[in-house]
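What follows is chain A paired twice: with chain B in the first complex and chain C in the second.
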Partner chain A sequence: MMKWTGLAAGLALAAAFTPHQAAAQQPSCPVKIGGVLPLTGSMGPITTKIAQAAQLAVEHINQGGGVKGCPVELILRDDQGQPTVGVDAAKYLVEVERVPAITGTVSSGVTGPIIASVTAPSKVVQISCCSTASAFTLDGRSQGYFFRTLPTSKTQAYATASEMARRGLKKTAIIYVNTDFGVDMTKFVKLALPKLGGDIVAEVPYNDNQPSYRAEVTKALAAKPESLLLVGFPKDAVTIVREWLSLGGSQKIALNNSMRVMDFVNGVGPKFLNESFGMDNAQVAGPTVDAFNKSFQEKYKTDSAGPGVHTQYDAVMVLGLAMNIAKDLSGPAIKDAVRQVHAAGGAQVGTGPEEFKKAVQLIKDGKPIKYFGATGPIEFDANGDVTGPALVWKIQNGEIVTDRVISIEDMQALFKKVEG
Partner chain B sequence: MPELSFLLAQVPQAVADGVLTGAIVALGAIGVSFGLQILRFANFAHSELLTWGAYLALVVVAFAGPGTPIGPLSFGWQLIAAMLLAALLTGGLAFAMDLVIFRRLRAKNANPLSMVFAGFGAALVMRNVVVLLWGPGTYFYTNELQIAVEVLPGVRMLPDQIFILGFTFAVVVLLHLYLRYSRTGMAMRAMAESPALALACGVKVENVVRWTWFLSGALAAMAGVFLGLSPQLHPEMGFNLLLSLFAAAILGGAGSLVGAVVGGLLVGLAENLPILVISPGYKAAMPFLLLMLVLFVRPQGLFGERS
Partner chain C sequence: MIGIVSYLVFFASIVLILGIIALGLNLQWGYTGLFNAGIVGFYAVGAYAHAILTAAPRPELIGNFGLPWIVGVAGAMAATALAAWAVGWATIRLRGDYLAISTFGIAVSIQLVTLNWEALTGGSQGLSAIPRPLFGWFQTPFGFNLWFFGLLVAITATVYWGLERILRAPWGRVLKAIREDETAAEALGKSPRAFRLQAFVLGSTLMGLAGALYVSFIGFVSPFDFMPILTFQIWAMVIVGGSGNNRGALLGALVVWAIWSASGVAITKLVPPAHAAQGGAVQVILIGLLLLLALLLRPRGLIGEESVVSRHANDPDPLGKS
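Moving on to the complex of A and B:
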């Protein structure tokens, strides 16, 4: 009896393994990609276009030759903007549909649990259009399986640090809002500024909605800083900047993107902000961006403006390219291939079916490629994050004007300088 | 941990900042304290009286303009006049609040919890009427920005803040004299000590209650204007101070004028001094830590009478 049981088990094992090994050589068509997006719920309105961008990318991939000769099918599930629903959707995609890669999702609060409890443990690649929380790629929970196609707060932090260094602000105090965003920004500015020729002499967190911030400002001023970096939100920032100036603080003030509103400028008084500047993400331009905008317009009869639309297209295109590059369609192989989508010295490929076809041919010939997407060059750093261009704004004659743009090439050089 | 000498050098400024915050909290806390003892319930709508006072003064300022600044101050006599007018109006508003809501509840012998929740409701309505009338944005009395002067070695203060301190001190002294020597003042103190005994002695309870509401409203309006001077007005300005007001009133001992003032100052100092050594992220918790420590030793508050 024992002998028969052993044989049956052996046969069962063999049966279980053989199709998989076969799949590694020749994938079964169609190739499935999972998608998790908040199609309904509070994010629903903005997600319509994001989902359309994902479908457009799948269409372009299929018109351009698909993945390893197979057409691609996007299996899209709704997360309703809720962690529990999102995790269930991802579990379904991984365990039932057996997808090797997922694109999603929008809210960081949903993306985080999916990484921690589904994709990373199952070694499934996940790539998000929209979640910015820096912790995902830094705290080790993703094990390298998580990527995203939009810049995190790190981009803004490094750009701010470099602009501060460029303006010769040597001794700076940081006052920051005590949230994930503020803590993130401070952490990265602190990392970057010393390497670019500046020094942080005081770091003071603040909690929002307080009647006065004299104590925080006094604490920051005690270290005799020559300039201030303020990371926060406009209403409290007005109080802080006014108290800072009143108590004798320097007018050399660096600000984050939230302060790029006239409410802030008028609240403080424009005449006190002549020496201040701020940072924000800049829009990318280029032929590959235009090509995407054009095909989106043609397909959906509406323009592609909106959060997450361009980054979602790139997220799916990157998966399509990486799955062609990967030696097999397993999670680990795709994960490694994602990093070869924008290889040094590769031939440039862009958006649209023709460009995808070109990329597939290059990959078949064993040549490296360099993908330029709907958001410009897509190059993942060691953590799976991308950088983007930034713009420096300032106040001139009571108006907010763009001072200069830090191009994505400059930004990548900046990242190399800071992170080595 | 920074050096001790560096820390000690920061103490005078932190004390000055604490006293300034404390002065505004004290003005607002007097009304809360009276409410707790004389009206016998925690009036959560009190913070909205600060907001209303500030916005009513804004209306006057909008008509009269902030005026030519007096000396080093950022505002002229118009703002002071506006504040006094707003104090009268807010006193009236507090009185009206009693008339419309709390008197009816008192007449039906509502328990204190019902009063508290009615107060919550009133607070929500009042705050949202401010949003309705003036919008959710921010306002300023004046766009002047003052530069601090060094009043003592290592202590910088704005001229406006020195004015606020002086004015608050004068108001508290006047109020003290009023409570001590006027008939209504004595009746209020009698009510605070024992309503039953006061009633038996012929004190007109409704009269005292009315005065208490009016005074609370007027003082709250002044606190609101001072709050708006440093530096902006917004619909949540009073609400954001609510916990501090209650901490100050309870710390000092309900029903005590001196207690409310000392409580206010202690709350201000408790917010400002510890952050020399700890992260300002914990600032908001400090007054409550102090409150707990005091209540462990004196459950009736520093100047409260044991009932």
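Moving on to the complex of A and C:
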């Protein structure tokens, strides 16, 4: 064991005499970006397309002039859906390949340890396409180095709260499924509703696949609510709503996105749902979205539908733009620049090589830009999260119809109102 | 250059943590013949016990006591020992594959508890901001990693030394006797059940220790850290390194984790970036191939079990009379 301690002491000496990492000057070509994605394992089947979207973005960046005159190289590592493997890959990318930014990863259980042990302490920017866990960005744990390009459950929660307030539902009981989705939804509705003029009188969690929910419903009704917010999945929700109504609960019921299926409506009976409404993520549309879909189709001969594909493209494009804006290619500079890819009053830039070229020219001229990506406008909030548009649906003559759409601009205004 | 050293220190730290688990399994399987397929469950108990004891208080969670690191480590070992004793008391009479199936089931159950007992474990969100020992003393992550690596070397050395001591003592020889022929050992007046239980609890406690070290190194824990794949990896380490030999277990941890990690690096160097999405599949094939080769070429492991029965066997003067 003497050998080991000797080695450790030697390393400590080496560390003491090594000057701190010098600030990056003119970048050496090519500019590297790290990628960590679960190419194999249980997430493997959906990740192939996600990885292709990342590579398409790199191609577009390079055709559009690269980063500070250099071509960009994406070094992609497989995390196999296993935290230790992902952490090792990220550490390798940061220390040996010296990438200033990483895109990844899919599973929240892998993204979390990478933020905690690699990217945040080393001041390296990390943008995820797919991890939704809200805990990462609490209390500034990521020190501002973590971003994600997919809307979190917050978007739906705030939209639900605002629609409830708009319809004048004052005293509401929440019954929610006991999963991270249900817990997060409840947490954020609770945060938003009081600020928009409503009140929650009861919160009751439920576990799925039970024959009856009489106990939960009775508990919720004991607080004498005037309306119900139900967050869960259709099969159990049918049971809960039927018991709720039969025990004298109000027909003013707010529902989440999973209930937007005819199985649920017919299971409860459409005539009982005339006063209820639900929420869902609205399909993002616009020329920049179409342009991405078209180039993905051309390149890979398959359509771009699938989880994480559009958000991964935007994650890499945001990095490309931010690295051009940043004064040097250090993590802190890129971190600040990420917030300038969608600047107020900036010139609009979209997806594809031509638009990237336009953006690079604007940046060179010192002008602000406003990026509209494969998922619409990309603007990060204080936590590094983005929002998306939402739609309100209702039941009319036994059919599910769209009531109105909450645009992304309205949503961003709503976020500012709730979070200040 | 400093980057490579920094990465290697990080890599070696993970190897030592996995090595401690491998030492625990080697005690159970290599010496006593206990087929523990629930390694990851005991690792999880240690990891969560440490996280719950040391993390800063959060109003929505029970636990998170913010206690010092050393209390967390001791508590993690105690919690794992207790859990292993309870599991062992119920299952230790089972032989071979029966024990494997029941421990595997218990590990899966433990993982599901961590996923669902939200008030205690944070559920699928995991527990973050777990304090790292003396993290604030260092200005760079490299400084901290180097200090933690030194700590891990000291702990691993202590564990190794302690295991070597007890395994070369009469207690260790009884374990081997039970592994080879339980009836014969019983005929000599030893209680196989008691010894098997002791080895099971001690080995599992080491797994819990490794869990505590892992979370205080990474600073984050979630149920995804405890998927059954880890149990398989530790088994591969013990078998490749040489079961029944503590140096073999440590060497196996190094070799298997290096294969896992280096194959990923090799793929990024060899596969053109345009095909990187397919590289992951090639990496998995490569890992399987290397493990297979290791077993074909060294069926008893890289360092097999020593065939020494007594440390006095090669002594020119066994009774020490001169």
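Everything below uses one rule, namely that the second predicted complex is superposed on the first by the 394 of 420 C-alpha atoms of A that agree within 3 Å, B and C clash if a C-alpha of one lies under 4 Å from a C-alpha of the other, contacts with A are read in each partner's own complex, and residues count from 1 in each chain.
One rule holds for everything that comes next: contacts are C-beta pairs under 8 Å (C-beta built on N, C-alpha and C of every residue); 3 or more make two chains touch, one makes a residue touch a chain.
Everything quoted here is computed from the prediction, not taken from an experiment.
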item: Clash or fit (per the criteria above) of chain B with chain C on chain A; value: fit
item: Contacts of A:R98 with chain B and chain C, given as first, second, both or neither; value: second
item: Contacts of A:R77 with chain B and chain C, given as first, second, both or neither; value: second
item: Touching partner for A:N178 - first (chain B), second (chain C), both, neither; value: both
item: Touching partner for A:S212 - first (chain B), second (chain C), both, neither; value: first
item: Chain B or chain C, by number of chain A residues touched; value: C
item: Which of chain B and chain C A:G269 touches, first, second, both or neither; value: first
item: Touching partner for A:L39 - first (chain B), second (chain C), both, neither; value: second
item: Shortest CA-CA distance between chain B and chain C [superposed frame, angstrom]; value: 9
item: Common ground on chain A, meaning residues reached by chain C in one complex and by chain B in the other; value: 178
item: Residue ranges of chain C touching chain A (in the complex, touch as defined); value: 2-7, 9-11, 14, 116, 118, 122-126, 128-129, 140-144, 146, 149-150, 153, 157, 161, 217-220, 222-225, 227, 229-230, 260-261, 264-265, 267-268, 273-274, 276-281, 283-284
item: Interfacial residue positions of chain A with respect to chain C in the complex; value: 1, 4-5, 8, 11-12, 14-15, 18, 20-21, 35, 38-40, 44, 47-48, 51-52, 55, 58, 73-78, 80-85, 87-89, 91-92, 95-96, 98, 107-110, 112-113, 115-117, 121-122, 133-136, 138-139, 141, 178-180, 183
item: Interfacial residue positions of chain B with respect to chain A in the complex; value: 6, 9-10, 13-14, 17-18, 20-21, 24, 137-138, 140, 143, 145-148, 156, 158, 227, 230-232, 234, 236-237, 240-241, 271-272, 275-276, 279-281, 283-284
item: Residue ranges of chain A touching chain B (in the complex, touch as defined); value: 178, 204-207, 209-212, 214-216, 218-219, 222, 235, 238-239, 242-243, 245-248, 263, 267-269, 272
